[in-house]
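Here chain A shows up in two complexes: once beside chain B, once beside chain C.
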Partner chain A sequence: MAIFVPFFYKWFRHIHTGWFVLVLPLLLFIYLLQFLPVGGSMETLELTVPWVPSLGINFTIYLDGLSLLFALLITGIGTLVVLYSIYYIANKKDEPLNNFYVYLLMFMGAMLGVVLSDNLIVIYVFWELTSLASSLLIAYWFHKEKSRYGAQKSMLITVTGGFAMLAGFSLLYVMADQTFSIRAIIDQADIIAQSPLFIPAMLLILLGAFTKSAQFPFHIWLPDAMEAPTPVSAYLHSATMVKAGIYLAARLTPVFAGAPEWFWLLTGFGLMTLIWGSISAVRQTDLKAILAFSTISQLGLIMSLLGIGSAAVHYDYAEVEMLYTTAILAAVFHLINHATFKGSLFMVVGIVDHETGTRDIRRLGGLMTIMPITFTISLIGVASMAGLPPFNGFLSKEMFFTGVVNATTLDIFNVQTFWYLLPVIAWVASVFTFVYCMIMFFRTFTGTYKPEKLEKKAHEAPMGMLISPIILASLVVIFGLFPNLLAYTIIEPTMQSILPNVLEEGERFYVNIYHWHGLNTELFMTAGVILFGMLVFLNLKRWQEAKFFLKERDPLNAVYDRGLDGLVTGSQRVTNLQMTGLLRDYFVFMMVFLVAMLGWTMIRYNAVVFDFVNVSEISPYLWIITFVLIAATISIPFIQHRITAIIAIGVIGFLLALLFVVFRAPDLALTQLLVETVLVVLLLLAFYHLPELRKAKFTAKFSLPNLIVSIGVGLVVTLTAFSAHAMNHEFGFDRISSYFVENSVPLAGGYNMVNVILVDFRGLDTLLEVLVLAIAALGVVTLIKHKMKGGEDV
Partner chain B sequence: MEILMILTVGILTTVGTYLILTKSLLRVVFGVMLLSHGAHLLLLTLSGLKEGAPPLLGEDAASYQDPLPQALILTAIVISFGVTAFLLVLAYRTYKEHKTDDLDQLRGNADE
Partner chain C sequence: MKSNLLLLHTITRIVSFIILSFSIFLFFAGHNNPGGGFIGGLMTASALLLLYVSFDIKTIKRVLPFNYAHIIAIGLLLAILTGLNSLLFGDPFLTQYFEYYDLPILGETELTTALPFDLGIYLVVVAVALLIILTIAEDDS
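Let's look at the complex of A and B:
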């Protein structure tokens, strides 16, 4: 479908492209609604399309309660967001609408792929696609610096997590008998829990889930992602993408739950995120930034509830356990609630932005009478977010408190030590949540209207823009008043997918959400939240003078920015350190490595062998030649003049030829003599043609490091040669040369064995050697004859 | 005899490496030449230096020197000659273009 969007865009200029797009999620949503009874009665849908069967990678669609819940959220809110965006990006001419809808549909497809897949690798592929689509959407206005920054940041963080997750998936694959299928893995949960790879896999997968779901300390990308168009923020950064991590944690709960690490990681990071997000939200002045931090904090809430709920795996389904399954229930319920009210709040903020030209709460105020519908919607949304009684946020918050309070009675995982922390953090965070909800609401809609500070004359939004938030707000109310509508249709099957092995055959979770459950701790906690929230809000001026609130940006951003800069400068420094541009340095690197590697190998395997047994006699004549050769060699570095050095090189070559004579190699001696003569002539020619250099001093400065390196190289070569020599006699293989001795005359008809080998037995080498000479000659001719004109630096 | 030759090879290698590490281009060429000399001598030495007749069948001797390494070395000499000649001409052209043979001055841009 996304492929066709540009065609619609091109061919039907006068109709807003969004209308064509709208059809798809709507149809999908209706299609998925059919499965509601399916999900309710424990039956699941499966569909497999092979992709890479040899590796066990298939597109397997697996639809159970959890997938269905997410799929409904994605398509339902997707429909509303598309509808909203049609009016939000109303200017057809100026905006590249086709890009927008292509990215949006790509994201929607990827997200559906994540929640519907049963195969880990397929999940990973779709997971990265959501990251990609999200980055593209954040940078939709790519001419803005901040958009690009936000897109890059979200990409880096989520992809880092994605890679970690892939690694974790691979570990699961290894542990679970080479299968990528989640259900097959869940069936083997007992085996996996025994594995030594259990903890690493858990950590890696959780890293993926935490980065995607903006958990502390990876939440920093989410506020910067607010540079995206508001429909995108509403869709991706409140309802769907950030919940992918939640989905993953919930999906893999059957595998990992029961381990104390899982409980503490989820609960701990969730609560940390919850309180950090809610405190940070208070000091923001941008409406979208408040919502971003609020999203972070609510995601932390859901994550911590999943953590607490995982404790249920430890017990049989008995009365005790009821307490902990409540936490899962609360998580699922709040997941739905959050998607509804956060989506509507983002849309409301978009409307305010659209109709006034700003999102800064310091410039807004008194919009209550001007925008009555928007005001009503945001009242519902904000009250629900704060957890006030008639709305669904109240119910989920109550259940959250129930879960947390129940968790204090846990007698596993050392909860006894820290039990008091859980409800206290939860309670304080709720107070702050209440405060920022108040700020959002009162600063925007009450107070005095300040027309001079606004770019546009404020007025109510067009009806089309209001449809989606109205639907969402009414859902908030409906779920608030009749929460049991959802209970057995969607929440209960979802709980069954999260906790599959807890129930006996035929049992069902008891889901009943009601407003009034007596005067209990949770109710008092809520009352306290409201009371303290009021107090804090009324004294907000005094509080805001505290230094923490003056900084608008999250302090953790500094860590990220500095880290990124450090990475760049650090790698540059490393590169500059080694890539000096000097041939000498590179040569030293190579030589040192060679020496170190060979030396280490020889010492490691005791390969240094001296064997003086099998040596031949040395004639006095040889003594003299060798002595002169060595003397000439050693003298070369000390020679002052070029001519002398060239002569010394010549001497060495001719002495080598003499050595060949002594060792009875006539052809070698002949060749060596000729070659050396030609070379010396060449050297002299090259030297003669450079008059300006003739006078220059030739000796180089003495350098100790160079000397050490070269002695090392020489030593290693010598030792290797000694060992090879000794081994040679030790193993005593026959030489193949007897074949040449016997067959030169009968097979080749030649008496000179060396020449016969060169042109007959191993003629191919000679052919190519001739080629080498020809190429060298051509190169020489080219270098001398053809001068590069045009001043190119050679 | 082998011991002496191996020591010679070691010295040739040491001096060759040292020359390659110096600044002058001509000395680098010298270093390459010394290294190839060392390699040739090593090839010959490791094949055994036992007294025997030159590998000419007309000699009619009881034992011959091993002909195979000699063929190998011959090939190597010719190839290293080609390479060295090319290097020399390259060095010659570099002098002509840049008026220097100092490798430090021939360095490219630092931030490439």
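Let's look at the complex of A and C:
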């Protein structure tokens, strides 16, 4: 579908492209609706298309309660967002709409792939596709610096998590008998829990889930992702993508739940995110930033509920009824609620932005009478977010408190030690949630209208823009008043798929959500939240003077920015240190490496052997030649004049030829003599042509590292030679030369063995060496005759 | 610079021929005695170089109107063709053959395919050495 978007865009210029797009999620939504169970237990759908069968990677669709819930959210809110975006990005001429809808549909497809897939690798593929599409959407206005920054940040963080997750999946694959299928893995949960790789896999997968779902401390990308167009923020960063992590945690709960690490990680990070996000939200002045931090904190809430709910695995159903499963219930319920009210709130903010030209709460105010419908919608959304009675947020908040309070009575995982922490954190975070909801609502819609600060004359939004938030807000109200509509149809099968092993055969979760269940702790907690929230809000002026409130940016951003900078400058520094551009340094690196490797290997295998068994006697003239040779070699570094150095090199060459004579190699001696002559002549020629400036006499500079390195190289090579000789003696390899001695006359018809080897036995080497010579000559000709003038290109 | 180099010229005339013959001897002796294409080639090159040194480059170029780059190519071609030759008889690349013949003048002589191969090497070496040195020598800049 996404492929066709540009064609629609090109061919039907006068019709907004969004209308064509709208059809798809709507149809999908209706299609998915028919899977909703009415009353009974739900049937699951399975479909497999082989992709890489040899690796067990198949494109398997598996639809159960949890997948269905997410798929419905994705398509439903997707439909509304597309509808909303048609009016939001109404200016057809200026905006590249085709890009927008291509990315959006790509995202939607990827997200559906994540939630519907049964195969871990396929999930991973779609997971990264959502990251990619999300980055593209954040950077939709790519000419803006901040958009690009936000897109890069979200990409880096989520992809880091994605890689970790891939590693975790691979570990699961290894543990679970080479299968990527989630259901097969769940069946083997007992085996997996025994494995030593259990904890690493859990940590890696959770890292992926936490980065995607913006959990502390990986939440920092989400506020910066608010540079995206508002429909994108509403869709990706409140309702769907950030819940992919939640989905993953819920999906793998049957595998990992029961381990204390899972409980503490989910609960701990969830609560930390919850309180951090809610406190940070209070500091913001931008409406979207408030909503971003609020999303973060609500995601933390859901995550912590999943953590608490995982404790249910330890109990029988009878025991846990309305105790720990409540937490899972609350998580699922709040997931739905959050998607509805956060989506509508983002859309409301978009409308405010669209109709007034600003999102800054310091410049807004008194819009109640000007934008009555928007006002009503946001009242509903905000009240639900704060957890006020008639709306669905109240119900989920009550259940959240129930879950947290119940968690205090857990008698596993050392909960007793910290039991008071859970409800206290939850309660404080709720107070802050209440406060930022109040700020958001009252600063925008009440007070005095300030037309002089606004870029546009504020007025009510067009009807088309209002449809989606109205639908969402009415859902908020409906779910608030009749929560059991959801309970039987979707929450129960979802819980079944999250906690499959808790139930006995044939049992079901019976979910019943009451508004009123007596005067219990939770109700008092809610009352306390409202009371304290009011107090804090009324005294906000005094609080705001504290430095804490003035800092709008999250302090963790500094960590990220500095980390990124450090990475860049650090790698630059490493590169600069290493890539000096001096050949001398590279040579030192190479030689040090050679010495280290050779030396280490020889020491490791205890290969340094001295063995003088097979050494022949040394004749006196050999002593003399060797002595002169050594003297000439040692003298070279101390020679101050280049010509002398060249002549010293010549001396070495001729002495070598002499050595060849001594060792009875006439061909080598002849060749060495001639080549050495040519070499000295060429060196002198090169010396003659040195530029005037550098002709000044030079002394070889002394440098200790060079000395050490060269001595090391000499030592190692000498040792190797000695050892090789000794080894040869010890193991007695056969010599190939006897073959040549025997066969050079009968097979090749020649008495000069060296030459016969060169042209006959190993003629190919000779041929190629001659080729080398030819290439060298042609290279010299090319270098000298075909010089390029400066600036000329090849 | 036109000076009288009579002594040098006269000696060069004699010596270069001696060196040339020696190099040819080395080349042919290669199979059974020290020598061969490489050394022979270098010797020939040095004989020719002596000519270049004692006379000037232009004169010798007139006398020996060779393009040494072509000679490199010919030498390489010769060596490779010798190698390919063995493919015709179904043997591996570069298989060398030899046989003893009774030639009219030389008597019993060993003829081997290693000889043209060596000749190729010889030509390449001569040409390479001369080409490098002449190119550098002619370079004015």
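Following the convention adopted for this analysis, the second predicted complex is superposed on the first by the 776 of 794 C-alpha atoms of A that agree within 3 Å, B and C clash if a C-alpha of one lies under 4 Å from a C-alpha of the other, contacts with A are read in each partner's own complex, and residues count from 1 in each chain.
Everything below uses one rule, namely that a residue touches a chain if its C-beta (ideal position, glycine included) is under 8 Å from a C-beta of that chain, and two chains touch if they have at least 3 such contacts.
This one's a predicted model, so the numbers in the text were calculated from it and none came from an experiment.
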(request) Tell me which partner A:589 touches in the superposition: chain B (first), chain C (second), both or neither. (result) neither
(request) Kindly classify A:653 by the partners it touches after superposition: chain B alone (first), chain C alone (second), both, or neither? (result) first
(message) Comparing chain B against chain C, which has contacts with more of the residues in chain A?
(response) B
(request) Return first, second, both or neither, reflecting whether A:675 touches chain B, chain C, both chains, or no partner chain. (result) both
(request) Based on the superposed arrangement, let me know which partner A:785 touches: chain B (first), chain C (second), both, or neither? (result) second
(request) Examine A:773 and indicate which partner it touches, taking first as chain B and second as chain C; both and neither are also allowed. (result) both
(message) A:636 in the overlay: touching chain B, chain C, both, or neither? Say first, second, both or neither.
(response) first
(message) On the A-aligned overlay, A:524 touches which partner chain: chain B = first, chain C = second, or both, or neither?
(response) neither
(message) Looking at A:764 after the superposition, I want to know if it touches chain B, chain C, both of them or none. Which is it: first, second, both, neither?
(response) second
(request) Share the list of chain A residues that count as touching for chain B in one structure and for chain C in the other. (result) 666-667, 671, 675, 678, 682, 751-752, 754, 758, 766, 773, 776-777, 780, 784
(request) Using the touch rule from the top, collect the residues of chain B that touch chain A in their complex. (result) 1-24, 26-28, 30, 33-34, 37-38, 40-42, 44-46, 48-58, 64-68, 70-71, 73-75, 77-79, 81-86, 88-97, 99, 101, 103-104, 107-110, 112
(message) For the complex, give me every residue of chain C touching chain A.
(response) 26, 29-39, 42-43, 46, 68-69, 72, 75-76, 79-80, 83, 93-94, 96, 98, 100, 110, 112, 114, 117-118, 120-121, 124-125, 127-129, 131-133, 135-136, 139, 141
(request) Give every residue of chain A touching chain C within the complex, in rising order. (result) 666-667, 670-671, 674-675, 677-678, 681-682, 685, 748-752, 754-756, 758-760, 763-764, 766-767, 770-771, 773-774, 776-778, 780-781, 784-785, 787
(request) Could you pull out which chain A residues touch chain B in their complex? (result) 576, 580-584, 587-588, 591, 612, 615-618, 622, 626, 629-630, 633-634, 636-637, 642, 645, 649, 652-653, 656, 659-660, 663-668, 671-672, 675, 678-679, 682-683, 686-687, 689-690, 692-693, 698, 700, 703, 706-707, 709-711, 713-715, 717-718, 721-722, 724-725, 728, 735-737, 740-741, 744-745, 751-754, 757-758, 762, 765-766, 769, 772-773, 775-777, 779-780, 783-784, 794
